[in-house]
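Every chain is named by a letter (A, B, C, D, E and F) in the order it is written, and numbering of its residues begins at 1.
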Amino acid sequence: MRSNNRTNSQHRPIEITRNYTCHAEGSVLIKCGQTHVLCNVSVIEGVPSFLKGQGQGWLTAEYGMLPRSTSSRMQREAARGKQSGRTQEIQRLIGRSLRAMIDLTKIGENTLQVDCDVLQADGGTRTASITGAACAIEDAVEYMLKAKLISESPIIKKIAAISAGIVESKVLVDLDYDEDSNCETDMNIVMTEDKQFIEIQGTAEGNPFSQDELNEILTLSSDAIQSIFQITHK
Amino acid sequence: MRSNNRTNSQHRPIEITRNYTCHAEGSVLIKCGQTHVLCNVSVIEGVPSFLKGQGQGWLTAEYGMLPRSTSSRMQREAARGKQSGRTQEIQRLIGRSLRAMIDLTKIGENTLQVDCDVLQADGGTRTASITGAACAIEDAVEYMLKAKLISESPIIKKIAAISAGIVESKVLVDLDYDEDSNCETDMNIVMTEDKQFIEIQGTAEGNPFSQDELNEILTLSSDAIQSIFQITHK
Amino acid sequence: MRSNNRTNSQHRPIEITRNYTCHAEGSVLIKCGQTHVLCNVSVIEGVPSFLKGQGQGWLTAEYGMLPRSTSSRMQREAARGKQSGRTQEIQRLIGRSLRAMIDLTKIGENTLQVDCDVLQADGGTRTASITGAACAIEDAVEYMLKAKLISESPIIKKIAAISAGIVESKVLVDLDYDEDSNCETDMNIVMTEDKQFIEIQGTAEGNPFSQDELNEILTLSSDAIQSIFQITHK
Amino acid sequence: MRSNNRTNSQHRPIEITRNYTCHAEGSVLIKCGQTHVLCNVSVIEGVPSFLKGQGQGWLTAEYGMLPRSTSSRMQREAARGKQSGRTQEIQRLIGRSLRAMIDLTKIGENTLQVDCDVLQADGGTRTASITGAACAIEDAVEYMLKAKLISESPIIKKIAAISAGIVESKVLVDLDYDEDSNCETDMNIVMTEDKQFIEIQGTAEGNPFSQDELNEILTLSSDAIQSIFQITHK
Amino acid sequence: MRSNNRTNSQHRPIEITRNYTCHAEGSVLIKCGQTHVLCNVSVIEGVPSFLKGQGQGWLTAEYGMLPRSTSSRMQREAARGKQSGRTQEIQRLIGRSLRAMIDLTKIGENTLQVDCDVLQADGGTRTASITGAACAIEDAVEYMLKAKLISESPIIKKIAAISAGIVESKVLVDLDYDEDSNCETDMNIVMTEDKQFIEIQGTAEGNPFSQDELNEILTLSSDAIQSIFQITHK
Amino acid sequence: MRSNNRTNSQHRPIEITRNYTCHAEGSVLIKCGQTHVLCNVSVIEGVPSFLKGQGQGWLTAEYGMLPRSTSSRMQREAARGKQSGRTQEIQRLIGRSLRAMIDLTKIGENTLQVDCDVLQADGGTRTASITGAACAIEDAVEYMLKAKLISESPIIKKIAAISAGIVESKVLVDLDYDEDSNCETDMNIVMTEDKQFIEIQGTAEGNPFSQDELNEILTLSSDAIQSIFQITHK
């Protein structure tokens, strides 16, 4: 049996706390089982220089893990003086996925700066970050509307994300750390509420995977993401 | 009237949550009013090279603020590629103060690695970090005793910390961010449960301060620290 | 009509020059249309510390673009003092994909260090890097066999890679830079010679994509990769 | 007996050479016993961006030790690529203390940039830096007055600094390196010529210290600082 | 006998491929024996800030070696996070020498950015870089004339470069890597087509050298450079 | 007339203070006119890893300028986080030149670490560094002999250095900053006491120079260096 007494296609219990901190325009603590991520969204005037004067906005994301969010302590990236390749890859994925939910031409020359900081990690931190940050963006958009920074919502579609993988030839959804360490294929899926894909990223860490296996992963992940929307948008 | 309806000599409400995260040997979330700091203590085998072979342990601390722990977003230090001078000064203060509560010759060649990460800031983050981390160290010591890594407690004295300052010629204890921004003298005091000093660090940011003012600050701070011990060690 | 007079499902002309430089154990210059990448593989004694003493080897990859490989000059990463997030994401993809073609337990405590340096870029540099480096690894393995560093080939499967995307609702294979700049979905696919998947990474940069679109991309990419194997392994 | 045949409350011989180098607007070599620090003050047009347009000036300080200013050679911070936490803590203390002697609204949008470089170290480099730099600032102010950059002196108070500590239960003033290495409490005090405090920073490195011990340290330090003013401003 | 069957005063075979890559305004692959350097020149609008508004242009150079351009793999400077002292010394030499061939007042406020990247190294990479880049600059100047960015050629003199050295008391021209590793004096000479000197840089790595030896080196190098002009400007 | 009332072939007044600081094994303050450099030599046990176990020693040099050693303040390299290309080029020249005066096989597995720090600059800092450091090395060698770290002197030859240049078609020796800013050719020459060359590094910053001009520079520089030996080794 898997942790949290769940079947292969079930995700872990998800808990969303909005307004978790007081300063950010959107602030969500998401708990997916033992994975806890604080997702803050800041509304910042101005855009990066490559966009200046085009009358559109920007959305970008940064990701970090607290040094002892993991089983053994990781070096603090600020002390080490650089972000790891893994961190950079993850924050690029988060930013890219979240940009797909916003019509950037509708937020003026403002930037939505997303910060996903992992307080406690047990697998699936990048997908939890996307799901949590998507909620925090909705709150930040509410803030912008109330503050009359914008007059209509720029949100195109709601999005959420889940991980999946093949462990001992079985497809599992929402792997925890132990499952992830043993999986042969590891995949992250970001989808819209109407079951379209925003991002698919899958790697055969052991054996290559077939088209059939891919299809099974996508079907189960799609179902799980629909279930997550029930929780995040009840 | 001050925030939280308190007098000049009162500290803000303090809340301590132990075992806030699941991986660290000591993990405390401390809330001092709107200042929230997660203090994790890791017990790590080995010591820095300058101590190797001397049969003693080490304690060191790192400090960070989440980018949106503050009213306007700060740049992420990991992305910027270095820790600010302020961060370095604070983490040196935290480590120095906490080392005074432990007999390092009694923990074997192990390191107590303290991580103080500010989730939300409203003044007094360095003193909240010390107070919270002191509790987390006690939990980590409990862990070491149970795991039989050590056979007797290395804790010399309990410690706690508070900030104080002079605002408009009045001494205030435990300044929040607004008070801190306007203070003429800013002081941080770390004390033991028996009212001895571990660290005093005070700066005249406006007018210089007199011996009398210093004495008043120290008296009120000492009282506040005793009150904090009632909360952290009830 | 597309560049190089090709249909939507055709890849650009591919040219492989083996032994392009004289020092590396495997050295391949791959040209995919106007995209030219020099892929060098070095056989280096020893493994990273996390693998020491386990009797197995390692494979890792680094990626770089010459400053003027692009239409306008990019800053030299060595001068800037760090690799961009894009570079890190790409070199992690390259290393991950190539590790899947080698049984690391069969190369002793040696490291295959892959360097992919883009001399000229016109889209698809990461997939060209994987295809070229896979050939260079085969040459480096030949070298190891001849030098009696190993007694049997550690190669599990041949691999190759291609990009694909959706431009104006049509699926295109092997996008050049202009096509890539306008695509709505951008995907990179790494496959084995027996049509299994090693890595899929796809992003909706404009509209989300459907399961049907995904299937069409994968089918056309699979055919293109089979065609590439005809060229690289004739 | 202490080095330089002095009592517990005596500071080491102090020597001030003004105009030590020819380019800086203020340039002082201060020798406190075997501790030698070159303090240069540069008058630079403009202020940091956070002060622009406010019609006031700024004062900031940097601190460094020559690699062989110490008994065994330290790594050069420029070669290592970053300043240590100790360096940052010290230069923040120096800048903060010196800002208290200047009315920044009276120097226009100019910056007083202080550089304290330790040529030879024997304890007390940070307090020697403050005392020496305070003199160099006075010279730089003279320069500004003569050059008609300002029309009245912005100096509020003269300041000087001393270290003190508790060694084997006795309070010592102006510790040299050997004394400092063995002290239980280590304190740095910055005062004005009228005996007010600018900065107090004290740490119990061994046993905690009491209010009585603190008072004794402050009394003796105050006397020593008055004696230093006799030398620096005779 | 030396490599390539040549006498002590002969340089290695030189091959110049113009327009080696398609994006740069000047792009030359130079092969001097087994030393292969790709020299790209970019014409970039604007000048560094220290030259702004003076109506003149600038020329600067960067140099790099691909990690496996050498017999054993070197660490990638971009991954290491800084350029080595050797790299910096070489790129300063290249930039300085090439600036002497251009009248910077005749190129408007534009920058000629030279990138010399060593694909394969066998001694003499810095002199090959200068000789190759000098040709690429001529092509970039042609481009500027055709694009009517400038109306007359800014080229003052053609330049080329060669290395020379003393090995076992004999003067050798154009040392390969093995010769260079054993030489007692190592010199790099940059000259104009009319036999004037642009740069001389010579080091006694073993015994000091005499005025007579210097003269012999300069004479042979001057002849070799004239021979190189026959190849690069036939 | 030139500064210090000297002819074109005269160097500035030189003053050598030995034992300038107390910790270094060799410590020389050299003043060449208004150029003042502190040259410290540290004798350090051990050699870099590339020399370990070969029974020989090493000599290396680092160079720095105090931020206000120059007419306008330069950024502190330690604060900026890296050494400039100029610094790296100079310290490589200093180390290379000084290695030529020592038989490294005669100092055991020890390193002579040279630190040249410019307190005040007025042109010719690199040659002053070499001349001063050569004296400091002699003192460090004396220390090693007395401490019986070595039994015979490893010094092969005494060396000294001078700059020279062509200003308005005249050859000048030992250029000060103003002269250096206007020179057409700039050369640095390092020689032994018996008039052999250790290093020649010359650049045509304006017009190229001829063999005749080179010869005149070398003759005058050689004479000046002999004169310097009279001062440094009287």
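Everything below uses one rule, namely that a residue touches a chain if its C-beta (ideal position, glycine included) is under 8 Å from a C-beta of that chain, and two chains touch if they have at least 3 such contacts.
Fair warning: this is a prediction, and the values are worked out from it, not measured in the lab.
Looking at subunit B and subunit C, the chains in contact with each of them are A.
For subunit A, the chain with the farthest CA centroid is F.
Two copies of one chain, subunit D and subunit F, touch each other, and the residues they use overlap strongly: the shared fraction of interface numbers exceeds half.
For the pair subunit C and subunit F, the distance between C-alpha centroids works out to 50 Å. Mean C-alpha position of subunit C lies 33 Å from that of subunit E.
Subunit E and subunit F have Cα centroids separated by 27 Å. In subunit D, the positions touching at least two other chains are 81-82. Order of chains round the closed ring, starting at subunit C and going on to subunit E, comes out as C, E, F, D, B, A. Taken together, the subunit D residues at the contact with subunit B in this complex read 82, 85-86, 88-89, 91-92, 96-97, 100, 157, 191-192, 196-205, 207-211, 214, 218. Across the interface of their complex, subunit F is touched by residues 21-24, 27, 34, 36, 38, 40, 42, 44, 62, 64, 66-73, 76-83, 87, 113, 115, 117, 119-121 of subunit D.
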